[in-house]
Amino acid sequence: MCRWMAWLGQPVLIEELLFNSPHGIVDQSLHARMGAEPTNGDGFGLGWYGTEPTPALYRSVAPAWSDANLRELAGHVESGLFLTHVRAAIGSPVQETNCHPFRHGRWLFVHNGFIADFHVIRRDLMFAVDPALFAEVTGSTDTEVVFYLALTFGLEDDPIQALERTIGLIESVAGRHGVADAVQGSFGVSDGTTLWAVRYATNGKARSLFTSADADSVRRLYPDNHRLQRLTAEDRLVVSEPFSDLPGLWNEVPEATAVTVRHRGELEEQPFRPSPADAHVKGPALAPALDT
Amino acid sequence: MCRWMAWLGQPVLIEELLFNSPHGIVDQSLHARMGAEPTNGDGFGLGWYGTEPTPALYRSVAPAWSDANLRELAGHVESGLFLTHVRAAIGSPVQETNCHPFRHGRWLFVHNGFIADFHVIRRDLMFAVDPALFAEVTGSTDTEVVFYLALTFGLEDDPIQALERTIGLIESVAGRHGVADAVQGSFGVSDGTTLWAVRYATNGKARSLFTSADADSVRRLYPDNHRLQRLTAEDRLVVSEPFSDLPGLWNEVPEATAVTVRHRGELEEQPFRPSPADAHVKGPALAPALDT
Amino acid sequence: MCRWMAWLGQPVLIEELLFNSPHGIVDQSLHARMGAEPTNGDGFGLGWYGTEPTPALYRSVAPAWSDANLRELAGHVESGLFLTHVRAAIGSPVQETNCHPFRHGRWLFVHNGFIADFHVIRRDLMFAVDPALFAEVTGSTDTEVVFYLALTFGLEDDPIQALERTIGLIESVAGRHGVADAVQGSFGVSDGTTLWAVRYATNGKARSLFTSADADSVRRLYPDNHRLQRLTAEDRLVVSEPFSDLPGLWNEVPEATAVTVRHRGELEEQPFRPSPADAHVKGPALAPALDT
Amino acid sequence: MCRWMAWLGQPVLIEELLFNSPHGIVDQSLHARMGAEPTNGDGFGLGWYGTEPTPALYRSVAPAWSDANLRELAGHVESGLFLTHVRAAIGSPVQETNCHPFRHGRWLFVHNGFIADFHVIRRDLMFAVDPALFAEVTGSTDTEVVFYLALTFGLEDDPIQALERTIGLIESVAGRHGVADAVQGSFGVSDGTTLWAVRYATNGKARSLFTSADADSVRRLYPDNHRLQRLTAEDRLVVSEPFSDLPGLWNEVPEATAVTVRHRGELEEQPFRPSPADAHVKGPALAPALDT
């Protein structure tokens, strides 16, 4: 059911978090503890921000644990902002275009969870995507459609609000098709400067999501841990599942909550409230699909 | 720009036609002579009919010339009806779900050519697909959409007429978007009993398509060729490009022509005339997309 | 640490045993219960005997659970004798040439387990391979070298004895290098007519291995199970791990035992005793490596 | 038959040379003009030096022209020293471990060409590899063995001399096996500071090899070409095949010649003379293999 992590902080060699941390994301590809399944072996992806205007993507259908190229990249690329995702496919094909992160311009998007009975509502959701963006949808996962809906509903202006509208639309379309408990999961988004994360499920029992505690507290808690002493006030992690069992390192994000992480490690939480679809449909282009 | 071939006749070991024939389809993956490009290295597919109700598919993103598994399968599977396709991608990703043949129930479908400016008209075309079939579209090529449109317009009842309607719709949608020369190519279809092929381009200059001459004539022409002496009156090949330069083996299918090959080697040609879309739109479900 | 299974019996559609059996081998690729690891996602292979002189191979680096082509093949190919293997790599690369079964002529070979510190003794073992076979070793796993050693030591004449010599040699070479507990595992071999399996570990604690009970007993035990009622006296399975928990279906092969399964379901067990290497080294070609 | 290129100079975004140069190496993967084959679609590799002690590798079995990840990497990674290789396999499997560059510590190695009848002499060559390095040989190409022989014969101390000894050994072993014209090709080597290249064939007709002219001359020749005006005196390219047809840009490396390119664009040529094997065999460990 996928696992993901995001780093915003001082530039680090990516392998520090992917391979060298106890129970890091690559280990979670094989032995997830809190996911619906222990194995997340249906491809993975890494998106990182560097010096270029748009982030780089490396996506592969190989399991993360055995991909030699991922190990190379992680061992040679430094970044102060990156997202990684390991996938457990539920129905849709194992192909690179179905691997997260998805990208549009400077934006990256990851998701852990699912849209219920996606095959039933996929057509309506796809026709709610801005026609100017439609041709960019090249995979067949629910997540990619969620991302393009969010872009349609203003992700680039207000990510949290756009996701509230997107989830609202999905729940509304699902309702019309008799699909219950439409949305499940946690979502991660970035524009290269800020990081947003959402934990939400229609049924109120969302997949787990955690943020790292502020670095000062962590360093005080573990004065002898050399790894943790290197953390600065700049650094924040957002993860589906904690890397380590050390108490005090992680804060669980509450149900139905959106988190915003800014540079300098600032972190804000706010309620996440899906908004009814009708209020934000942009015009006639969307209406026909919603009527079918 | 792809190459394909289809066999309907006595059961043969598939490698006879894929690997052991001079300039067979696998050789064409590396050295096509009549295609837009000599190299068709962006994946391939093989669909064959056997004893099961539905045909088998083997599709891979590897070039056909280097795929060890294709060589194995071709050397161990016998079939009296199969289609093979080698792909040269134009824009859409190299992934198995974009490899031909496409399949629905007992039906297989291959295509050599393209829909012009597909990214511009993709949304309208997808919206014209029967909503009950929509969720089966898991790739991102033009061909897969053509196939599902043809299924929408009655492929299973009358394949030629359904393709005439499909091409008519595509030309009509393209026209509304200002896209010229909408359709280019040759198409191959089978239901496991009969084989249909179409050569057609909007601009009147379609990709090449050939059928093999009747076996009697071939055997009389080449009394000393042991391979050709094994041909029976049952056997027919349809190919984008002839396997061999021997004169008398191949008949070019004329422009704007549909071919039907039945068991016992019977072959009929008929004009292929795309029909205007308006006449066959099935109802309100299709209208909205066509209006956007 | 790999799982494998072999079928010798009436021709069956391969999916019956790979996909349709409870806790079949494909399920074991994701959820093995008795292996060193639950996940066997580093590629897989299927080798089957049909009408051609040599068996067919399908090997892929994708996990068995997600490979669309495996599902296709298994659903369309019937065979009365086949071996399947799901791999958990330990150090050597995930590539098709490292996937089991390995093949030489009519012979197929699978292995669950490992040669300890293979990197230390690999050179000496490879040097002991018959020079005429050396160029066929194209992967980098321990198992492939075991197979070519067994061919060197007479696999085609007497498989059990050849494996006893091979294991004897490996233990002897390992001893000279100070490597303890050299051999671990179960091995499966076939020539297309007979099936041999060996359970053996240097340290006396070998990976599990089971054979199916005779069909009569099984049918009497489960008179209402339609699947099991279809078993005939011809049919035998050899598996790393039972498919199902039903009591009476499986017999554990004892430690240090070789099993021979012949057509008509005949099954024999005999002690497996590795023989010292010195007795069977074939000549000067082997000597130098053994001296280093 | 492969194509390769190497850059030593100012740090550049890798895509400048791989994708944005006319007839760059990725274009050569599809349309080589001077190679034995126009298509080099059997995998590729990119090795680059950055801030870490060892170079990074990205190798893939996909054709270079269609690999989305290569495009990503090339568009986001800057390097002042990198080697790229596109492969046309001759017999050995298409797998990442057979893709160039090969790496050992800080060293990278690429090759265009072949060792004649490699399957005949592979065993002797492999047993001439330093036993301490033997376990690192994980692929099955001739080039990888050439690299490990060169390491055995002192590549890290004197690359040109080590290659002379290696080629001398190969010619000598081939001679004993009755294999004529043993070595064909061009070789590229780097330690992260200096770049070496060799053009050599036993039969005196080696694959093409070119170095870029000094930047001053190039800029004077093409004062209006903005790309070429960005070249500095630091910059040198070594390529199997020129990127562009502009006269004056490229100097052909003569037959049997070794080139050394140092930082600041200094370039030296010297004769390349394979030395007889007997003079440099290191000791008894190698002898047995050479005797077989």
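Letters A, B, C and D name the chains as they come in the text, with residue numbers starting at 1 for each one.
In the analysis below, a residue touches a chain if its C-beta (ideal position, glycine included) is under 8 Å from a C-beta of that chain, and two chains touch if they have at least 3 such contacts.
Given the structure is predicted, the values throughout are model-derived calculations rather than measurements.
Shared contact partners of chain A and chain D comprise B, C. Seen as a C-alpha superposition, chain A sits on chain B after a turn of 180°, to the nearest 5. Mostly identical positions are employed by chain A and chain C in their mutual contact, as over half of the interface residue numbers are shared between these two copies. Between chain B and chain D the centroid-to-centroid distance comes to 41 Å (mean Cα coordinates, whole Å).
Within chain C, contacts with two or more other chains are made by residues 68, 93, 96.
Those residues of chain C lying in contact with chain A across their complex are 30, 38-39, 41-42, 61-63, 66, 68, 89, 93-94.
Within the complex formed with chain B, the chain C residues making contact are 13, 48, 50-52, 56-60, 68-69, 72-73, 75-78, 96.
Contacts from chain B toward chain A in the complex involve residues 92-93, 95-97, 119-120, 122-123, 126-127, 131, 134-135, 137-140, 285, 287-289, 291-292.
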